[in-house]
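Common to both upcoming complexes is subunit A, partnered first by subunit B, then by subunit C.
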Partner chain A sequence: MKKFSLLSTRAGALFLAPATALVGVFVIVPFFWVIFVSFTNRTLLGRTAVDPDFVGLQNYFALFNPATFFTRGQFGFSLILTIQFVLLSALIGQALLGLLLAWLSQTVTPTLKSFLQTAVIAAWILPEVVIGFAWFAFLDYDNGTLNMILRGLGLPPGDWLLQQPFWVIVFFNTWRGAAFSMMLFNSAFQSIPPSYFQAADVAGATSWQKLRDIALPLIRGHVVTDLILITMWTFNVFTPFLLTHGGPSYRTEILSIYTYRIAFKDFEFGKGAAVGVVIMLINLAFALVYLRLAHKKPVEAE
Partner chain B sequence: MASVEFQNISKTFGAFVAVPDISFQIADGEFICLLGPSGCGKTTSLRMIAGLETPSSGRVMIGGRDVTYLHPKDRGISMVFQDYALYPHMNIADNIAYPLKVRGEAETKRHARAKDVADVLKIGDLLKRLPSQISGGQQQRTSLARALVYPSEVYLFDEPLSNLDAKLRLEARGFLNHLQRDMGMTAVYVTHDQAEAMALATRIAVMDKGRIVQFAPPIEIYRRPATTFVANFVGNPPMNLVPVEASVGDGALHLRADGLQVAPIELTDAVAKAARSGKMTLGVRPEHLRIAGATDHNILSGELFANENMGPESLVTLERGDNGRVTARIFTDDEIKVGTSVHLAFDARHVTLFDDTGARIPAADER
Partner chain C sequence: MQKTQNIFVRRAIFAAAATFLGTVFALPLVWFVFAPFNARAELGLAIPSPFTLSNFATVFQNTFAMQALLNSLIQAAGGVVLVGGAATLAAYALSRSPIPGKGAVTYILLLFSSVVSGSAAMVPIFLIISAAGLIDTHLAVILVFAGGLLPTAMFILRDFIDAIPRSYEESAMVAGASPLQAFFDVALPVIRPGIVVVVVWAFVNIWGSFLIPFILLRSDKLMPASVAIYSFYSEAGTPIVTLLAAYSLIYSLPVIALYLFVNWKFGFRFFGGIKS
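On to the complex of A and B.
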C-alpha cells in the first residue's frame, strides 16, 4: 500500500535543505571540530595558533591530574561545584519549588493563581543582563535593597557576594528558573481529569496523598522531561558570571565559566575544548539515565 | 444509611444561575433519580450533596446533620463518576482499595476487603489488571466497587451508565437495581435517560432549568405528568402533545385541532377554568393509540410519515394537517404504506389535558 504523503520526496528534501545546511554549519561541524581541537594544543596566540600539534589525550590527563584535581580553579573543583549547583538550584530549587508552586496553585482562587504565575514568570522572561544587574543592585553591600530591608528590620547586613557567593548563585538560579518547572507541571496537572481528584476527595485523601498517589505517577513523563531540561540548562548556564565573574577566588566558578576562562581568557583552546567534550559526555550520561527512568514501566502491585 | 435534605438551595456560577431555589427531602433508603436534559442543574445538585460544589445559599442536610460547608470526606458519602475516575496507573485491586488506603488500612486487610467487594460485583478475577486492560462494563463495576468498599450513608451516582453501550447499560441497570434492593441504600442518581430513571428510582425528580418540575414515584410521573415538559421527557417515545382550541358548550368541553376528532369531555371546575383561555394541549401516550375501527369516537388522523418496525411493535408516525406529528406504538404486523392516510383511535380515559401554561389539568376522577 502506498503511504500517504503531503509532498513529493524531492520537494520535501528541498524544504529540508536550508535547515540541514544551518544545522550542519553551526552544530555538526563545530561538534566534531571541538572534539578534534581537544586533542591538540591549539591556542589563540603564538606558534600553536597557526600550527597546533596533535597531543593525544594530554589535555584530558591535565584535567584529571590527581595532584591538582581538587584545587580551586582547577577542573575537578569546578566539576564538584557544578554538581552541587545543579543538585541544589535545579533539582531541589527549581524542580521542587516549581512542583510545589504548581500544586498549590491548583487549589487557590483563579485571581491569586494568575497573580502568582505572573510574578514567577516575570523572573523568567526578563533578559539575562537586566536581571544580572538587578540582582547585583539587590545584593550590593552599601546601597542594596536586601541590606536596606535587613537594616530596617534591625538585622545585620551582609556582603553576600563576598561572603556567600555560592548560595547567592544557587538562590539566583532557583529564582530564575522555577517558573519553567512551575508552568510545565501546571499544564501537566491540568491534563489530569478533575474527576480523579474529586474521587480522591470523596474517598478522603489529603492533598499530600493526592499528590503522591495520583498526580505524580500520572505526570511522570513531564517530571522526567523537566529534569532533563533543567539539569542541562543549569549545567551549562553562564548567567551567574554576571553576578560573581566566577569569583571570589574561583568559589563560584562552575564548569561553563571555567571553560570560558580556559578558552577565552587563558586562550588555551585545546584544553577548553577538552572540558567541552567532558561536559558533553556528562550531559549525555544524565540524559540516558533520565530517559531510562521515563521508560521504566510502573511497578505492578502484587 | 441516612436521609438527605435540600433547604432552599441556590447555586450561581458568576452571572449564570444553575439552581435558583431548590428544596426537597429524601427519606432513608430511597433511591432518587434526578432526571432532566443537560444543563438542568441535576449534576450541580448532586455535586452539592457530595460537597464538590458549595451552594450559594441554603443548607444541605445529611442524616439531620448540616453538611453544607463540610469537606466531601466528612459527609459519609460515596460517589460513582460518569468517567469512572479510575486511576490508570493502579491495578483494579488498588483502585478499589484506594479509599481504604487513605484511611490508613493495612495493605493485606484492604486488599482482602477489595477482593470481597470485587467478588460480589463479579470482577474478582480482574484484580491484577490495569483499568486499560478491562472492558467498559468492568471499569464501571470497578468504580462501583470503589464506592461500595467502605460504608457510606448516601451513595451518589453521576450518570454512571452513560458511557456504556446499550446492551451493557441494560445489564448494569439490572445489576444496580438488584444491589439497591439487596442493600437498601440511600442513593441519589443523576441521569438524562428516562428509562434508567423509571427502572431504578423509588422516586424521580424531573428537573428543568434548575427547578424540580415534578417529584414523584415513576408510575405517577408516567401516568400523571405535572407539565407538558415532564410529559415530553418521560416515555419512549414521549407523550404526543397536540395543541387544541378549547371551547365550552352544552355543559361539556369541546376540543378542535386539525385531524382531531374527540367526543365532548366532562366539564369539571378545573377544566372550565382552563378553558377560558381557549387554548389547551391534549396529551396521549403512543401506547394508548391504536388503528381506528368503525365504532371509535376519539380519532387522530393524518398522512403516514414513517413506519418503524421494532420487532414486537411498530412505531407509526403520522403527520396531521398543520404539520404536527403523532406517534403510536402499534402491536400489529399489518403493513401500512407511507403516504396513505391513517386514523388512530384512543380512549377518553387515556387523555391528559394541559392548560395554556403547560400545567396538567386534574382529571374528573381525581381528588
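On to the complex of A and C.
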C-alpha cells in the first residue's frame, strides 16, 4: 500500500524554513566563522578590528607554546584545571551523588523523599545569578552560614573563596548539578520491575548487593548517557564565573572563563576564537560518542 | 527477630543519610528564606524580627530593577515564541513530510547544537550580532537563544509527534480537510502538551541566563534581571544585601512557579531524559 504523505515535500520545506534559518545563522555559521577567525589576529578595538590580518596557525602556537603552557593564566593551565574540574565535580561529584540520592529516594518514606528531592532540585532550577549570590553569602568569612556552623562545631572557620577557590567551585558545581543525575537515575530505577528486588529481598540481599548486582547492570545505558551529558555540560559551564570571576590569580579559571577573558577583557578575538575551536573539538568528540550510543537503542534495552 | 531488627537499623541509617544530604543541599539556600524579609539583613543567617516587606517596597520603587524584570520577560517571551513556533513547524515537517534525509537533518542539528556551546561560540556570536548591527538590542538576545535552543526543542517535539497515530490527520484529510487544516485543527491540539514542555524549558533557560545578555547588551535600559542584579552593589563593590535578597526572590518566582506547574502537570518526567 502506498503511504500517502500528510505534508507535501514543498510544504514540509516551508515548515522547516524558519527553524533552519535560525539554527543556520546562529549555530552553524558561528561554527565555521569561529574557525575562520581563529586564523586571524582580529581584535575588538583598533585597526585589526575592521581589517584583521591572516596569521595562519599563530594563535594555536601561542596556545600550545610549551614555554608558557603550564603557567597560571595560560591555556594549558586552564585546560588541565578544566579536566580536573570535570573529573571531580561531574564524574565523581554529580554522578556518584546523583546515584546515591536516587537510591536513597527509593527506600525512604515519601515525606523524606520529597524533602530530599525538593532541596536537590531547588539547587538546580534557580537562576544562576541567584545561586551565585546565595553561595557568596553562604561562604562569607565573618557571617556566612558555613562558618557559623563550623564555629558552632568548634572547628576553625575559613575564607574559602580565597583559601580553597578550586574546591569551592568543585563543590559548587556538584551541588548545583546533582539534580539531573538524580532524576535520570530515578527514572532508570523505576523502569526496573519491582519483582526483581522482591526476589532479592526474599533471598536476604542487602541494599548494596541489590544496587550492585541488580540495579546497576540494568541501568548501564542510563549511566553512560548521564556521564556523557554531565561531562559536556560541566566542560562548558560558565556559572563559576559568578562566584570567583576566575580568580583569585586564575586559580579557578576554567576554559569557558578563560575564553571570556581573552576575548572580552583582553579583546583578542583571534586567540579567543582559537580557544573556542579547541573547546568545540572536545565537545565534538563527546557528542559523537553520545549520539552513537543514543542511536543504538537495542543495546540499551537489552 | 534478628532480621527484622537489622532491617529497622538499615532503614534508620538510610533515613539519617537522606536527612543529612537534604539538609546539606538546603543549607546554602536557607539564608534566602529569611533575608528578603529582614530589613537589617546581612550575609549571616538570622531570623528577621520583625518580618517585614520593606525590602520589597524599596525594590518595587527602583524603576531600573523593575525595568530589568520587564526586559527579562521581553527576551524570554520573544525567544519562547520563536522557539515554540519554529520548533513545532519543523518537528511536524520532520515527522510527517517525505523530505529526503530527515534523519540526517535531525542528527546534524543535534550535533551542532551540542558542539557550539555558549563558551565556544561567544566570539562568533558577538561578531555576527555586530555585523548585523544588532548589538545592544532585545532582538539580538532573542535570536541567539532561539537558534541555540531550537535543535533540542525540535528533537523533543518530534518524539511527541511521532507518538501520535498518523490516522488522526489521515481521517481528517479523507473527510476533506486540507493539509494545513489537518495540521492546525487536528495535530496541533494533540501536540499541545509537548509544546508546553518545550515552551517552559525554553523560558526557564532564557530567563535564568547570564552570559549571552552580558556580552550582547550594553545599555542599562535593556539589561535583563540576571545582569541588572549586579547594580545592587554599592560604589565600594559590596552588595546591598537587603535589596539583593528581595530582588533575587522576585526574580526566582517565575521559575519556581513554572517548576511547580510542570511538576503538577507532567510529574517532571521529561527533564529526566532528554532522549528516553
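Convention: the second predicted complex is superposed on the first by the 280 of 302 C-alpha atoms of A that agree within 3 Å, B and C clash if a C-alpha of one lies under 4 Å from a C-alpha of the other, contacts with A are read in each partner's own complex, and residues count from 1 in each chain.
One rule holds in what follows: contacts are C-beta pairs under 8 Å (C-beta built on N, C-alpha and C of every residue); 3 or more make two chains touch, one makes a residue touch a chain.
Since this is a predicted model, take the numbers as computed values, not measurements.
Q: Sticking to the clash and touch definitions up top, decide whether subunit B and subunit C on subunit A clash or fit.
A: fit
Q: Would you sort A:133 into first (subunit B), second (subunit C), both or neither based on which partner it touches?
A: A:133: touches subunit C, not subunit B.
Q: Looking at the overlay, what does A:214 touch: subunit B (first), subunit C (second), both, or neither?
A: First partner only, subunit B.
Q: Which holds for A:291: it touches subunit B only (first), subunit C only (second), both, or neither?
A: A:291 sits against subunit C, while subunit B stays out of touch.
Q: Once the structures are superposed on A, label A:195 by its partner contacts, choosing first (subunit B), second (subunit C), both or neither.
A: first
Q: Of the two partner chains, subunit B (first) and subunit C (second), which one does A:150 touch, if any: first, second, both, or neither?
A: Once the two structures are laid over each other on A, A:150 reaches no partner at all.
Q: With both complexes superposed on chain A, which partner does A:256 reach: first (subunit B), second (subunit C), both or neither?
A: Once the two structures are laid over each other on A, A:256 reaches subunit C alone.
Q: Vertex at subunit A, arms to subunit B and subunit C: angle between C-alpha centres to the nearest 10°?
A: After superposition on chain A, the angle is 80 degrees.
Q: Which one hits more subunit A residues, subunit B or subunit C?
A: C
Q: Determine the nearest approach in Å between the Cα atoms of subunit B and those of subunit C after overlaying the two structures.
A: Between subunit B and subunit C, the shortest C-alpha distance works out to 5 Å.
Q: Using the superposition on A, tell me which residues of subunit A are in contact with subunit B and, in the other complex, with subunit C.
A: Shared contact residues on subunit A (touching subunit B in one complex, subunit C in the other): 204, 206.
Q: Where on subunit A does subunit C make contact in their complex?
A: Residues 4-9, 11-16, 18-20, 22-23, 25-31, 33-34, 37, 97, 100-101, 104-105, 107-109, 112-113, 115-116, 119-123, 125-131, 133-138, 140, 142-146, 148-149, 175, 178, 180, 183-184, 186-187, 204, 206-207, 222, 225, 229, 232, 236, 238-239, 242, 255-256, 259-260, 263-264, 269, 272-273, 276-277, 279-280, 283-284, 286-288, 290-291, 294.
Q: For subunit A, which residues count as touching subunit B in their complex?
A: My answer: residues 193, 195-196, 198-206, 209, 213-214, 217-218, 298, 300-301.
Q: Once bound in the complex, which stretches of subunit B touch subunit A?
A: My answer: residues 50-52, 71-73, 77-79, 81-83, 85, 87-91, 93-94, 98-99, 101-103, 128, 130, 146, 150.
Q: Spell out the residues on subunit C that touch subunit A in their complex, using ranges where they run on.
A: Against subunit A, the touching part of subunit C is residues 3, 10-11, 14-15, 17-19, 21-23, 25-32, 35, 42-45, 82, 85-87, 89-90, 92-94, 96-99, 105, 107, 109-128, 143-144, 146-148, 150-151, 154, 166, 169-170, 173, 179-180, 182-183, 204, 207-211, 215, 226-227, 229-230, 239, 241, 244, 248, 251-252, 255-256, 259, 268-269, 271-276.
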